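In this document, chain identifiers A, B, C, D, E and F correspond to the written order of the chains, with residue numbering beginning at 1 in each.
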Amino acid sequence: MRIAFYPGTIDPITTGHLDLIRRALRLFDRVIVAVGIGRDKAPMFTMEERMAYVTDAVRGLDGVEVRPFDGLLVDVVREAGAHAIVRGLRAVSDFEYEFQMALMNRRLESEIETVFLMPSESYTYLNSTVVKEVARLGGNVGGLVPEMVERALVERRAGRNS
Amino acid sequence: MRIAFYPGTIDPITTGHLDLIRRALRLFDRVIVAVGIGRDKAPMFTMEERMAYVTDAVRGLDGVEVRPFDGLLVDVVREAGAHAIVRGLRAVSDFEYEFQMALMNRRLESEIETVFLMPSESYTYLNSTVVKEVARLGGNVGGLVPEMVERALVERRAGRNS
Amino acid sequence: MRIAFYPGTIDPITTGHLDLIRRALRLFDRVIVAVGIGRDKAPMFTMEERMAYVTDAVRGLDGVEVRPFDGLLVDVVREAGAHAIVRGLRAVSDFEYEFQMALMNRRLESEIETVFLMPSESYTYLNSTVVKEVARLGGNVGGLVPEMVERALVERRAGRNS
Amino acid sequence: MRIAFYPGTIDPITTGHLDLIRRALRLFDRVIVAVGIGRDKAPMFTMEERMAYVTDAVRGLDGVEVRPFDGLLVDVVREAGAHAIVRGLRAVSDFEYEFQMALMNRRLESEIETVFLMPSESYTYLNSTVVKEVARLGGNVGGLVPEMVERALVERRAGRNS
Amino acid sequence: MRIAFYPGTIDPITTGHLDLIRRALRLFDRVIVAVGIGRDKAPMFTMEERMAYVTDAVRGLDGVEVRPFDGLLVDVVREAGAHAIVRGLRAVSDFEYEFQMALMNRRLESEIETVFLMPSESYTYLNSTVVKEVARLGGNVGGLVPEMVERALVERRAGRNS
Amino acid sequence: MRIAFYPGTIDPITTGHLDLIRRALRLFDRVIVAVGIGRDKAPMFTMEERMAYVTDAVRGLDGVEVRPFDGLLVDVVREAGAHAIVRGLRAVSDFEYEFQMALMNRRLESEIETVFLMPSESYTYLNSTVVKEVARLGGNVGGLVPEMVERALVERRAGRNS
C-alpha cells in the first residue's frame, strides 16, 4: 500500500488544500493529512479546531486519515509508514522554499521522496494567510474555504468587533 | 474621469514612490495616494507623519490626492470611485506577491483592475525598509527620500543615540 | 483621449489576448492592437490572416483599432499618438523579458510608459505557441482561441496530413 | 497498478534521467520511459540509438518499460493506461515551463496528474544539451552519462574531427 | 594586498560558510570574516559564542581573520581596508535580496565591489536557520556544521528538554 | 598575480561589458577578455571585427588583455593561467543559466572559481542582442556601445537598406 504524508499547519483548511488532497488520492492508496502544531506560527485556530475543520472537510473522501503532528517531519513520516511527502507548488517562491526543505529532508532520510503536485490554477492566489486577512477585513471568503471554516472566520470577526 | 488608487504603508515616502506617482499621473486623470494604517507592520512614523510627508512631497503635482485608508482594499477603492489599483514592480519577488494580491482583489471585486508600472531602474534597490535601516546606521539617505523625510530620519537617529 | 498600444506578433489571436484587450479598454479610451510583422519569428499565419483573425475577434468591442506594424516600437507608438504600451504579465519569465524591453523602450522614448496587466488566471498556460503545437498534434483548442482561428488551425492540420 | 509516464527527447540519457527514474520507481508500480520523436529539436542521436541507450541503462531496474512516442502527450499517456506524468524540477526556469505544460495537459485531459520530483542536487547542472556541448569540446563526461553513451559521444567527436 | 570582507550574523557557522571562505581565499590575499551583531535577528548564540565557533572552524586556514562588526556595512568595510564584500548565492531568492543590498551599498560607497561566489551544490539547502530548526527537533546535523557547533546545538536541546 | 578570465561572444562590445571589465580590474591584477568564436550563434560581426572593437574600447585600461578563444572554457582558462572566470549577473534568468554553467565548469576543473559581479543598474536592460535589434530598426544606440561600434552598426543598417 502506497501512503502519502501531507503536512502543514493548515490554519485553517482552504479549498486549495482540499484540491491537493483529492489529487494526491489519485496517486496514492492512502493520504495522511498531518496538522502541524505550528509552534512558531501563532496559529489563529487551536489544534483541536484545525483538526476538526480538516476532518469535516475530508468526510466522504475514501483513504484520507487526519492526525496531528509534532517533531522532525521525516521521523513522523517514517513512523507513519509513508513513502512520500506531498507538497503543493504554486509559485516560484514556493518552489525555492519547498526545494530547500525537500533537500534537507532527503539528507535526513534518503528513503522518503517529496512529491510536488500542482493545484488548480483557480487556487494560485489562495493560502490560509490571505484568507484570514480578507476575513478579518470583512471580505467574502465563500468558496475559498469549507462552510464550517467560513462560519468560524465570521464568528471570529464578530467577536473581535463586539 | 479615470482615477487610480495607489495604496501602501508608505513609511516613509521615498523618491521611488514619487517616481511611480509621476508615472501614474501620465496615465490617469487623478491619482489617490492612500496611506494604509499598517496595523501589522509597526510603522516607524505615525499616520499623521506619513500623511504629512506624502502631502509635502506631492505639492505641485496636479491631480494627486492624499488620504489615509483602513479596511478591505477593494471596498476602499470602490468607494473612492477609482477604476484601477496602481502598484510598482521591481523584482521577481515583488511580482509573485503582487500577483497573488491582485488575483485575490480581482476575485473580491472583478470591476477593479490592478495596473503594474515599472519604476526607474535607479530605484530598483530602494524601499522604505532599506532606507530606514541605512538611516538608523548613520548612512546618507540624501536623494533617496524627500528632504523633509531625510530630516525626520536624522532626528530619529539623534534621539535614539542621545 | 488616452490611447494604449498593444503590440505583438499575435500568431494567432487567443482568448488570452482578448482578455487583455478587454481589460485595457477599462483603463483607456482607445486600444490599438498592433500586429507585428514578426520578421524573425516565421509566423504560421500571414499578416493578412493574423489581421483578419484579430479584426473578427474584436468586432463588437468599442474603442479598438487593429493595424499592422513594423519598425522600432517606440517610433510607431509615438506616431499613433499613444501614451502607453500595454503588455500582459503571466509568469516570472515574462516579467524579466518584458522589463528589459520596457527599460530599453523608456531609454529610447521617455514619454511612453509601459503598463502591465494581469490576464485571468485561467489563461496562465495559454500562448500562441502552445496553441499551435496542441492543434498540430490534433488536440482540442476550443475555447482557447476564437472560432475563426480554431477552424483555421484544423484546416492547417488537415492540409498537412492529406 | 499505478503507472507513471516519463516523457522526453532523452538525447541522450544522462545519470540525471536515471536518478529520476529510480525515484519514480519508489512511488509507482511501473514507470514507462517514453522517448519522444523530438521533431523540432534535431536530436543528435536517432530514435533507435536513444531507445537503445535508455534500454541499456535501465537494465536491472524492475518495473521499467521503454517505448518511443509521438503525438499529443495526454493521448499517449491515456492509451498507455498511465495515471501520472512524471517530470523532474531543478530550477525556476524549469518550473515555469513545466507548469505551463502541466496546466495545458490538465485542460486537455483532467484525469491525468503531473507529478514533479526533485533530482539529486548533484545533477542540478546536468542536462543532455550541456553534456553534448561538453563532449563536443573534448571535455570529460564520465559519470554524467552511462558508459554506453559516453563511448558514443567520444566516437561522434572523433568522427567529426577526422 | 587584496582583502575581502565576508559579513554575516553566522548564527552559527555551517560547513556552507566554510566552503565559501575557502573559495574566497583562492581569490583574495586575506578574508575578514565579520560576525554581525544581528540586533534584529535575536541570535541563538551570543556574539562571543559565534566568534568562538568561527575562530575554531577557520583554524588552519591561512589569511583568515575573524572579527565582530556593528554599524553601516560599507563604513566597516572601508575602515578594514577591504576592497570587496563577498557573498554566497544559492537561489533566486538570495539573488534578489543580495542584489538590492549590493546596489544600496554601491550607492553609499562606490569604491567597494560586491563579489558573489557559488557554494558547492551540496550546500544548496544549508543555512543556519534550517540547521537550528533540525537540531531543535532532534535531527542529526553532523556534517552540516563543525563539530564544536554540533556539540553546542545538542547541549542546547538537552537543556531545553530537561 | 591574480588573473581573471572574462569570456563571451561579445558581438559587439557594449558599455555594459566595459562596466564589468572595469569592476573586474579592481579585484584582479589582470583581466583577459576572451572573445569566443560563437560557432552556434551566427555572430553579426566577424571575430576580427569583434576583437578590434574590444581592443579599441579597452585602450587606456591597464591590465587588460584581449584574445580570441575556442574550445572547452576550463581548458582555455587553465592554459591562460587564470584563477577565476568572471561573469555579470543582471537578472534571475541570467542567474540560473550562469549557475548551471559554473557548476559544470567546477565539475570539469575544480581549481577554477566563477566570480559573479553586478553591472551598474543603468545596464540592466543592456545586452548585445537588444542593441543589434534596436540599431537594425533605426533606433539610437549612442551611449549603449562605444563610438566605433555605433558607427559600425549604422553602416550595417545603411548597407542593408541601400
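The rule is simple: a contact is a pair of C-beta atoms (placed from the backbone, for glycine too) under 8 Å apart; a residue touches a chain by one contact, two chains touch by 3 or more.
On a predicted model such as this, the values are computed, not experimentally measured, just so you know.
Visitor: Can you list every chain that touches chain C and also touches chain D?
Guide: Output, common partners of chain C and chain D: A, F.
Visitor: Farthest chain from chain D, going by mean C-alpha coordinates, please.
Guide: The chain farthest from chain D, judged by C-alpha centres, is B.
Visitor: Can you spot which option in B-F, C-D or E-F is basically A-D again, with over half of the contact pairs the same by residue number?
Guide: Going through B-F, C-D or E-F one by one, only E-F repeats the A-D interface.
Visitor: Can you give the whole-Å distance between the Cα centres of chain D and chain F?
Guide: Spacing between the chain centres: roughly 34 Å.
Visitor: Express in whole angstrom the distance between the two chain centres, defined as the mean CA positions of chain A and chain C.
Guide: Those two chain centres are 38 Å apart.
Visitor: Whole-Å distance, chain C centre to chain E centre, using C-alpha means?
Guide: Going by mean C-alpha positions, chain C sits 48 Å from chain E.
Visitor: Would you please write down the residue numbers of chain C that are in contact with two or more other chains?
Guide: Residues 92-93, 96, 99, 103, 121, 124-125.
Visitor: Can you identify all of the chain pairs that touch?
Guide: Touching chain pairs, listed by label, are A-B, A-C, A-D, A-E, B-C, B-E, B-F, C-D, C-F, D-E, D-F, E-F.
Visitor: Can you list the chain C residues touching chain D in their complex?
Guide: So the residues of chain C touching chain D come out as 91-93, 124-127, 130, 134, 137-140.
Visitor: Flag every residue of chain E that touches chain B in the complex, lowest number first.
Guide: Against chain B, chain E makes touches at 71-72, 74-75, 92-93, 96-97, 99-101, 103-104, 107-108.
Visitor: Under the touch definition given earlier, write down the residues of chain E that touch chain F in their complex.
Guide: 2, 23, 26-27, 83-84, 89, 92, 95-96, 99, 102-103, 106, 111, 113-118, 121
Visitor: Hey, which residues of chain E end up touching chain D in the complex?
Guide: Touch list, chain E to chain D: 92, 121-122, 124-125.
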